[in-house]
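What follows are several structures.
One chain, chain A, appears in both complexes that follow, with chain B as partner in the first and chain C in the second.
Now for the complex of A and B:
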């Protein structure tokens, strides 16, 4: 796949998503606002009930800042299309076009995934600005140009890992009629163990040590804490190495599953 | 260009009994059944040849096309398209073939056709001057220049199919698979697409394999036909030969003036079966006449009616093929019967000539 084709696929996907204006704004605003409102009420109640100044290393304002950053990171890591539509391509036979064209399906889908991150980036910038005005965030955010750059690299690597993992799970559609439940389980695991639902600093130390060997903390928790200046350069690099190693493992599994799945693909829906 | 050697495909399908109990049972144990979609088919197609693939629903046409275009892996046998095994999906092969499916959009639904074509230019790495020349040529021939910037899902079925054709031919493929290219289209669109395919063939000489339920497609496009029945190839040969061999009658159409007498009509019906005239034109008589009595029927019409025009046509290809398939079916059943009576294997049931 040539770089030009890759960029064309990225740009087409971005344009396609932005052409659905109502869906683009309405769903994004509602989802972001709803998730943030839940976090605000929940953490206000917890801080009031406990009487503590700081929980898991976060003040109330710091906790809200964590949530804003985590939710926006998730928008970038997931891209706009949350399900990648790999299983849909297999069920409905859209996969056929990618088998006929001289392209790699996985690489093409990844280009589309990157394309779906572009409109998300626009929304992230706007939502971050809005949240800064509305919420009682701490005066010192801890965010510097260097942490932004480091966090963006972490997000890009986390995005590739999440893409590879979801892609592989959805390839199960070659055999199973419905992978929806697998998708839900995967998403729950990533969001719970990855630090989107709760900062991982709230987990017991032993659990955190086990998690450090898995790719999960590097999906949301590490990119967000990197952005907030809570991660050293050495830790940040370690995260990139661990995630990259997991990407290699998942890609190898994906290739194996793909080769086998192709043998049973019948191009149904045609 | 295309060689197929004893190619077979068996699908395994799960059977589930109806109702709630059936669903519960299927949780524990599911019945698997083999469906032989294509059985030991062999043939070859040369450069510039347009071959029609005919058969009832479920005969194996689409599965065969899917194997030859590399979408589906065969269960056994071999095939080469431009020297490659298609299901290995070498880029060198995929740059030279095309698949057009009337029942399935391949273009990206949410994009305007023009954007899809730009993406295809990158996918096939078509040099810009070639791309622009071909795009202008193809869209002009199919009269869709004005629809290029409309999202594909907003196009009419006919327009979408034309865009699919443009997309499939932009890279000037040497081998084209067309699966029901005119399905669901009105007569004018069907004709436009057929003319276009003929024109493309004349200029580029690709090998083409066409499946269609519309015999008009096959008659206009293909000199040679392959007839499939239950996954087996039962005929491979010229379209004319099958008509000569299996057509029993011709249709004599008479346009006449005035009102014929009942006696005249009765006499004419003795030489042929009267078909109901097409449309509302009452002054037309169509007689399905045995081939040996065509001259007699024409003479009787001239004598008994005030004839304005008279034409003699072959029996519709669809009927002829149906008869061929029935004949093959009877042979198969006969062979099975003999097998069970004499406990001998019946061979492949071949008969002499083109019919397998």
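Now for the complex of A and C:
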């Protein structure tokens, strides 16, 4: 796939998503506000009840900042989940047209995934600004241009990993009648074990050690703590290497599943 | 009434045979809900490593709340979720004609036609979680309180269904469910915590105008004390008002419906 074609696919997807502007902004604002309301009141209740100044290495303001960053990171890492549509392509027979294109189906879908991240990036910038004004965030944020750059790289790599994982799961559609539940299951697991629902520093030590051997912490927790300046350059590099290794593993599995799935695929009536 | 009951038994039979045709999906959905339950329990277990109370509730009380959430979710998934998933599509495509010409209430038909057999298995698991949470509770709760809890959870399922309908009916005018569904899910996030943690004015909203606290939080609260009769009256009144409003809203929506042939 040529870089020009790749960029065209990215651009088309970004424009497609922006065509439903009211729904796009209304859902994004309400979802973000609802998550923040829950985080604000939940953590206020926990800090008040415990009487602690710091929990899991976070003050109340620091915890809210973590949630803001985690929610915005999730927007970038996920893109628009429902627009991946691999299972729809398989069920509806739309896959047939991609099979005769002179491009890789997976690369094309990744271009669309990146395209879906573009509108999210606009939202992230606006929401980050709004949250800075509204919430009682700590004065020593720990965010510097260097940590922002490092976090962006981590987010891009995490996004690629999550895309590869979701793509592979959706390929199960070659055999299963519905993979929606597999997607939801994957999402629950990633959000809990990846640090979106809670910072992983709150987990028991033994659980954290087990999680360190998995790719989950590198989806949300590591990118967010990198942004907050809590990760050294060496740890950050290690995270990138580990995530990249997992990407290679998942892509190999995806290729294997794709090859087998193609053998059973039939685009009847197309 | 008896006719509707007989009709529902037919729905059950058809849904069960349909579920057996898609066995892999049947299995996936069971596992998905089990993962949801585990994550929900683990979330609060981790939080209680750092505090003894949340909204005035102990870990034992929160486990009852979580078990209640599981039961409400499983009942909703079993009875309504599949039907409500397709409703915006039917409205948008003009497929409602098929249901409107039947000699039964279209709302009944569209809301209950598909019984999710796979979620029924999860309903058994969720019921087990409630039994476990009641059994491990350090003090005797009393049979009357447990019955009240279950009755109020039943109303909670009804409120959940009615709230989801509130976000589906506007499809008659908007011609797309895009966005509305996500907004409903987002607002539902607030019901996954005890309502006592929220600001008093937000609590009032959650108890009346947008009664998401009635799903699980209020039933759980009734289990631990307070005026049981007052809570029952409150829940029944709000549910009845919401039911009346949704039925009226549905009829108004139907007037705006343009069928496939029109």
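Criterion: the second predicted complex is superposed on the first by the 264 of 270 C-alpha atoms of A that agree within 3 Å, B and C clash if a C-alpha of one lies under 4 Å from a C-alpha of the other, contacts with A are read in each partner's own complex, and residues count from 1 in each chain.
Just so it is clear, a contact is a pair of C-beta atoms (placed from the backbone, for glycine too) under 8 Å apart; a residue touches a chain by one contact, two chains touch by 3 or more.
Bear in mind that the values here come from a model prediction, so they are computed numbers and not experimental data.
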Touched partner set for A:55, first chain B, second chain C, both or neither: second
Touched partner set for A:97, first chain B, second chain C, both or neither: first
Touched partner set for A:179, first chain B, second chain C, both or neither: second
Superposed model, chain A: greater residue contact from chain B or chain C: C
Partner chain in contact with A:139 - chain B first, chain C second, else both or neither: neither
Residues of chain A at both interfaces, chain B in one complex, chain C in the other: none
In the complex, chain A residues that touch chain B: 2, 4-5, 8-9, 12, 15-16, 19, 93, 96-97, 99-103, 262-263, 265-267, 269-270
Residues of chain B that touch chain A when the two form their complex: 11, 62, 66, 69-73, 89, 91, 94-95, 97-99, 101, 103-104, 106, 108, 110-111, 115, 118-120, 122-125, 179
Interfacial residue positions of chain C with respect to chain A in the complex: 22, 24-25, 28-29, 31-32, 35-36, 39, 42-43, 46-47, 49-55, 176, 178-179, 182-183, 185-187, 189-190, 192-193, 196-199, 202
Footprint of chain C on chain A - complex, ascending: 20, 22-24, 26-27, 30-31, 34-35, 37-38, 41-42, 44-46, 49-50, 52, 55-56, 175-179, 181-182, 184-185, 188-189, 191-192, 197-198, 202-204
